[in-house]
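Listed next: structures, encoded as C-alpha cells.
Shared between the two complexes below is chain A, which has chain B as its partner in the first and chain C in the second.
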Partner chain A sequence: MELRKTSVRQAVEAVYNRELTAHKLIEQTLKNCSILNETMNIFTHIAGIDALEQAKAVDRKIENGAQLPLAGVPVAVKDDICYGVLPTSFGSAAFKEFISPYTATAVEKLMDAGAIVVGKTNLDDMSQGSTTLSSPFGPTLNPWLAERAAGSAGAAALATGVCMLSLESDNGGALRQGASDCGVIGLRPTAGRISNYGLNTFTSSFGQVGISAFSSENISCAFEIISGFDERDASTAVCRDRSTEKHAVADIEKIKIGYPVNAFDYLEPGLREVYEKTRDEYAARGFMFEEIDLTLLREALQAYYIISAAEASSNHARFDGIRFGKAGKATDLEELYCKTRGVTLGREARRRSVFGTFLLSKGNYDCYYRQALKVWNMVREEFAAAFGRYDIIVLPAVKSLPRPLDEEKEFIEDWADDLYCAPVSLAGLPSLCLPVGRVGQLPVGMQLIGPPFSDEFLVEICNRVFR
Partner chain B sequence: MKYEVVIGLEVHVELLTECKLFCSCPNRFASEPNVNTCPVCLGFPGALPQMSYDALQQALNASVALNCEIALYSYFDRKNYFYPDMPKGYQISQYYRPLGSKGYLVIENDSGGDNKVGIARVHMEEDAGKLVHASSSVSAGSSGTSSSGSSSMVDYNRAGVPLIEIVTEPDLHSSGEARRYLEKLKSVLQYARVSDCKMEEGSLRCDANVSLRPPGGQLFGTKTELKNMNSFRAVEKSLDHEIKRQAAIIDRGDEVVTQTLRWDENKQETIVMRSKLEAHDYRCFADPELAPIELAASEVEKARAALPEMAEARAERLVNDYNLPEYDAKVLTASRCLADYFESCLALYNNPKEVSNWVMGEFSAHLKNAGLEADQCSFQPEDMAELLKMIDEKLISGKLAKEVLEKAFQSGKPPRKVVEEEGLLQISDQSELEEIVDQVISDNPDSIESYRGGKTKALGFLVGQVMKATKGKANPQLVNELLIKKIDG
Partner chain C sequence: MADLQLELEKAIRVIKIEVSSSEQEELHKELNNFLLWLEPMLDLDTKDTAQVLFRHDAFNVWRKDRVKQGELAELQEAAPNFAGGFYLVPRIFE
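What follows is the complex of A and B.
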C-alpha cells in the first residue's frame, strides 16, 4: 500500500475488508522506516515488536467486531510528546534512552482508535527551532532536496510515505514551517482544542499539539479523535465551554479572505511570487481577497520570543541533575547544576534559558516581560478585530526556503523565520498550513488562519477550495 | 524595655484535603518514601498540574475565617529557584494576587487589652519534598568503594501538598503576643477544619521577622529573620533571645545586621544561617499551565455563612447548654479537638461537670506529658465514659480511677481491662472486708480508745489502715460503716 496515495479512510476500509491486516501494514511500514532512516535521519526511535503486537491486537479486535476508526493507521509522533513504550528524548542527548512513565493524552486517543505508533520523530534542541538543525541527533534531510533541512521530521515522514498521520508540536511554528518545507498539510489547532498533556514544551503558553497529514481529509479524521476536553490539561477547558460552537460554511465561494499585503515585504526572493500567484489564481476563480493591515507582526514576534524564553527558563529548570538530566560528577549542588545543565541543554536551549532568566529578573520583568504581555493582548485584539470583517486570513508560513544543512546562521535570523507563525501562536488561533506552490524543487506552504474554534472550518475550506 | 519590639510572622499551614494541590495523589502521611507520587508531583516533563477545588475551598475557608477580603480573580505564579526538594525547579505559589488579603485576628495584648493583628495576605502554594540527610558509611555500589562524607536523599511524598501562607502585618510587639497570635491562629484554623495545625508534625510552620526601634518611632529598625522553631514555646523563646541580642547590639552603639538566624533548640540560642538576607530573585511570573481562579461573590458569601462555630461561640454554648463554669468552657474550647472530645464523652456519659473535671484535669495532664492532642491518643471518649461509669458503679474509687486512667492512657487498653488485669476492682464484699477490719481493730487498741474518747479523727486513721491493707481497693464508705458498727457495737 502506497501510504501517500491512500487516505486514512481507505486504509482502514482495507483493514476491515481484510484486504490486508494491520499487522502486515505495520510490518511493511516499519521496514520502510528503517531503510529510509539510514539516509534521512527522520526518527530518533523506530518502533519494534511492540508496534507489531499492537497491530495484532488491533486485528483481533476487528475480528471481535470492534469499531476502530484508525485501525492499523501508522502514526509518527514527535519526540517531545511522551509515549510510554518508546524513549522520549525531548531533543536532548541526555534523554536519548529516557522512557516516560506515562503517555500523552493525544497519543492515547490515537492508539485507542486503533492507530499504531511507528516511531518518534527528530526535533530541534528541546523543540526550540523549526529546522531540526539544532537537534543533538543531527538534522533531518528534506525529502525534496537532500542538502536542505526538513523543518519537521514528522512532515518528512509523511512526505516519504512512512506514516499516514504525524502527531506534532508547534510552538512558534515548527509544525507549520515543517509542513511548508515538506509539502504536506499541518494543523495547529485553536489553543486548547487538543490536549497538551504529555507534551514537553519549553513554552507552556504557546506550545500546542497538532496534526499533519498528506490530505485535509486525513487531518479531519485524526482531529475528530484527538480533540476535546481533557481533565489533565487546564487549557482544554475551552472545549467544554464551547464544544458545540461550529463555524457554518453557508456559501464557501463567498468567503471573505483577508490578505495582509504589508506582511509580504519581508519574504525572501522567490517566495513572494508563489504567494501572489496563489492569490491571483483564487481571485480569478471569484474568491474575495481584501488587503488588510496586520501592523503588529514584528512586535508579536518579539513578544513571542520574550514570553517563550521566560517560560523556557522555568520549564527547563527541572533538568537540574537531581531527578532529570545527566548528572556530571560534582561535589556540591552548584557544580551539579552547572555540569548537568551544560550537558542536558543544547546550545539553543541554554541560550533561551539564560535569556529568559534575564528577562524575568528584577527590573527587567517590567521592561520586557510585562511589555510583552501587553503586546500579547494587542495582537489578540488586532486579530479579533480582523475576524470581525473576514472569515479567514492568509499569511505565508515561511519567510525563507528550507535551510541548507551546512549554513551557519546567526540565531537571531533563525528566530526571525518565525515572523508569520509566532504571531498566530500568540493569538491562540487555529492555523492550517497547506502547500501552494514551489520554488524550484522545494515546496512552499501558506497559512489559512481563522478565528478561535474555526479548526474544522479551515480544514473544510482547505478541502473544498485549495485542493 | 527601652525599645519598641516589632514582630511579623509568616505561617505556613498544611490544608486538610484528600488530594495534593495539583494532582490526585493522596495528601496523607506515608511511612514509605516516594509512594504518594505521580508524574505531576514528580515534575515529569509534559505532565500538567490540575488545581484541586477541594484545596481552593479550604484556602477560601481559611481566608474568610481570618476575616480577609477575597480576590474574586486570582492566579498562581511560579517562584523560580533551584533546590533539590523541588522537582520542577520552581514552586507554584500566589505571588502577585493572593486569594486573601487585609484580614485580622484580635488577640490579647500584654496589658490585657485587645491587639487587632493585621493579616497582610493569605495565599495558596504547594509544599516541597523533604530532604533526608544520611551519612553514607555504606559501601557504594558493586565497586565496593566506600564513599566518605554524607549523602542526601529526597522524599517527594510531601511535594505538592496544599499549603496556605499567612503573613501578618508587623503588628506584634512581644514574644508573648506572638505566641498568643499563634494560639489564636491555630484555634481558628482548627475550628474552621482547615488544618490540624500540628507544629511538631510540620503541618504548621512559623518564621518570624523581628526588629527594635525607639518607642513611638515611625521607621522600622533593621530586621532579622528567625527560622527553625518547632513549637510555640520555641517561637517565644527564640524571639526573647533575639530581642535581647538586638537590644544589646543597639545598647553598644552598633547596628543590627540584616540576617537569617536559626533557633537551636539544644543550645537554646539563635545561630546565624546567612550573614545577609540572601537577595533571592525568584523571577515570579503567572504559571501558564493553570487557569486563573475565578470566584463568584456568592461562593465567598457561602463560605462565610458556612464557617463552623469558633472557640468563643462554643465556650458560650458550653456554658449555656451544660451549665459549665466559664473557666471550664474556656479551657475545654482552647482546642477544637479537646472540645470535641469533651462533647463526645458527654454523649456517652451525661454529667457535664464531672466529665469536664476529668477532661480538664487528669486527661489533659497526660496529653501534655505525652505531647499529644486529644484526637491522637488511644484513650477514646468511650474509655472515659466507661471509667466514669465504673466509679458510679462503685467498682473503683475516684482515687483509683486516676491510676486506671494513667495505665489505660499509656497502654492503650480499655480501662475495664486495666482494672481486671491489675486486680484493682474495689472490694465491696462485706465478709471479705470484715476480716480486715477486725484485724485493724485488734492491731490498734490506742486508736480505738481515742475514738471512743471522742476523737473522731482517729476513725480516719483506721480507715486509712484498712485501705492500706487492701492496697486502696476497699470501698471506703463500706469500711467506714463497718468500723463504726464494730467499735460502737
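What follows is the complex of A and C.
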C-alpha cells in the first residue's frame, strides 16, 4: 500500500476488509522508516516490537467487532510530544533516552482510535526553530531536494510516505513552514482546540499541538478525533455543541478572501509569483479576493520573539538536574545547575534564555516586555477587525525557500523567516498551510487563516476549493 | 555598551549556564543586534492599548475553597519513606 496515495479512510477500509492486517501494514511501514532514516534523518527513534504488538492488538479488536476509525494507521509524533513507550528528547541530546512516564492526550486519542505510532520525529534545539538545522541529532533532509532542510521532520515523513498522519507542535510556525517546505498540508488549530497536555513547549502562550497530513480529508479525520476539551489541560476550549462550530460552506464561491498585498513585499524572488498566480487562478474561478492591509506583521514578529524568549527563559529553568535533566557530578548546587544546564540547553536555547532573562530584568521589563504585551493586543485587534469584513485571510507560509544545509545565517534572519506565521500564533488563530505551487523542485505553501474556532471551515475550504 | 555587557553577565548568572568567553562575546553582539532589530516595535504608540493578560479571552470558573483536615496516616502510607514526622527524600550531595 502506497501511503501517499491512500486516504486514511481507504487504509482503514482495507484493514477492515482483510485486504491487509494492521500488523502487516505497520511491519512494512517500520521497514520503510528504517531504510529512509539512514539517509533522511527523519526520526530520532523508530518504534519496534511495541508498535507491532499494538498493531496485533488492533487486529484482535477488529476481529472482536470494535469500530476503530484509525485502525492500523501509521502516525509519526514530533519528539517534543510525550509518548510513554518511546524516548522523548525534546530536541536535547541530554534527553535522548528519556522515556516520559505519561503519554500526551493527543497521542492517547489517536491510539484509542487504532492509530499506531511508528516513530518520533526530529526537531530543532528544544523545538526552537523551523528548519531542524539546530537539532542536536543533525538536520532532516528535504524530500524534494536533499541539499536543503526539511523544515519539519514530520512533514518529511509524510512526503516520503512513511506515515499517514503526523502529530506536530507549532510555536512560531514550525508546523506550517515545514508543511510548505515539504508540500503537505498542516493545520495549526485555534489555541485550545487540541490539548497541549504532554507537549513540552518553550513558549506556553503560543505552543500548540497540530496535525499534518497529505490530504485535507486525512486532516479532517484526525482533527475530529483529537480535538476537544481535556480536563488535564485547563487551556483547552469547551465546545458544547460541535455543530455550531461548523460554518456553512454551501455557496463556497461567495466567501470573501482578504489578500494583504503589503505582506508580499518581503518575499524572496520567485515566491511572490507563485502566490499571485494562485490568487489569479482562483479569482478567475469567481472567488472574491480583496486587498487588505495588515500593518503590524513586522512588529508582531518582534513582539513574538520578546514574549517567547521571556517564556523560554522561564520554561528552561526547570532543566536544572534536580527537577528535570541528568545531573552531572558537582560539589555544590551552583555547579550542579551550571553543569546540567550547560549540556541540556543547546546554542539556540541558551540564546533565548539569556535574551529572555535580559528582557524581563528590572529596567527592561517596561520598555520591552510590557510593550510587547500591548502590541500583542494590537495584533489581535487588527486580525479581529479584518475578520469583520472577510471570511478568511491568505498569507504566505514562508518568506524564503528551505535553507541549504550548509548555509550559515545570522540568527535574526532566521527568526525573520517566521514573519508570516508568528503573527498568527500571536493572535491564537487557526491556520491551515497547503501547497499551492513550486519554485524549481521545491514546493511552496500558503496559509488560509480564519477567525477563532473556524478550524473545520478552513479544512472544508481546502478540501473543496484548493484541492 | 558597557551597561549592556554588565546586564548580559547578570542574565547569564541568573540563568546559571556555563558560557565560554568567546560565547559570551558572541552573545553580546547578538543581544545588541536583537535590541536594534526591536526598535520599530518600540516606536509603536501603545499608550491607549491595554496589555494582554491571558492567552484566551476566557475566565476560569472559581469554586469556593473547601478546607478539610487531611489524614496524616494516609499521607504517611503513601510516602516512600517517612520518619519522625518528616518525609525522607534521596540525598543529592554526599
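Assume the second predicted complex is superposed on the first by the 456 of 467 C-alpha atoms of A that agree within 3 Å, B and C clash if a C-alpha of one lies under 4 Å from a C-alpha of the other, contacts with A are read in each partner's own complex, and residues count from 1 in each chain.
Criterion: a contact is a pair of C-beta atoms (placed from the backbone, for glycine too) under 8 Å apart; a residue touches a chain by one contact, two chains touch by 3 or more.
Worth saying up front: this structure is predicted, and the values here are computed from it rather than measured.
Novice: Fit or clash for chain B plus chain C once both are placed on chain A?
Specialist: clash
Novice: Considering only touches as defined above, state whether A:R318 meets chain B (first), chain C (second), both or neither.
Specialist: Only chain B; A:R318 stays clear of chain C.
Novice: Which partner does A:L145 contact after superposing on A: first (chain B), second (chain C), both, neither?
Specialist: Neither chain B nor chain C is touched by A:L145.
Novice: Which partner, chain B or chain C, is in contact with more residues of chain A?
Specialist: Of chain B and chain C, the partner in contact with more residues of chain A is C.
Novice: Would you sort A:S205 into first (chain B), second (chain C), both or neither based on which partner it touches?
Specialist: Both partners.
Novice: Quick check on the superposed pair: does A:Y337 touch chain B, chain C, both, or neither? Answer first, second, both or neither.
Specialist: both
Novice: Thinking of the overlay built on chain A, is A:D233 touched by chain B (first), by chain C (second), by both, or by neither?
Specialist: A:D233 contacts chain B only, not chain C.
Novice: Just to be sure I read the superposition right, which of the two partners does A:L345 touch: chain B = first, chain C = second, or both, or neither?
Specialist: It touches chain C, and chain B stays clear.
Novice: Is A:L52 contacted by the first partner chain B, the second partner chain C, both or neither?
Specialist: Neither partner.
Novice: Touching A:P101, do we find chain B (first), chain C (second), both, or neither?
Specialist: So A:P101 only meets chain B here.
Novice: With both complexes superposed on chain A, which partner does A:S361 reach: first (chain B), second (chain C), both or neither?
Specialist: A:S361 contacts both chain B and chain C.
Novice: Looking at chain A, which of its residues have contacts with both chain B and chain C?
Specialist: 204-205, 234-235, 237, 313, 316-317, 320, 322, 333, 337, 357, 361
Novice: Which part of chain C faces chain A closely enough to touch in the complex?
Specialist: Counting only chain C, the residues touching chain A are 7-8, 10-12, 14-19, 23, 27, 30-31, 33-34, 37-38, 40-42, 44, 46, 49-53, 55-56, 58, 60, 92-93.
Novice: Which stretch or stretches of chain A touch chain C in the complex?
Specialist: Going by the criterion above, the answer is residues 191-192, 204-205, 234-235, 237, 296, 298-299, 302-303, 305-306, 313, 316-317, 320, 322, 327, 330-334, 336-339, 341-342, 345, 350-351, 353-355, 357-358, 361, 363-364, 367-368, 370-378, 380, 410-412, 428.
Novice: Within the complex, which stretch of chain B touches chain A?
Specialist: Checking each residue of chain B against chain A gives 39, 42-51, 78, 80, 82, 84, 87-90, 154, 281, 283-285, 287-291.
Novice: State the interface residues of chain A toward chain B in the complex, per the touch definition above.
Specialist: Those residues of chain A that touch chain B are 80-82, 88, 90, 100-102, 104, 196-201, 203-205, 231-235, 237, 310-311, 313-314, 316-320, 322-324, 333, 337, 357, 360-362, 365, 369.
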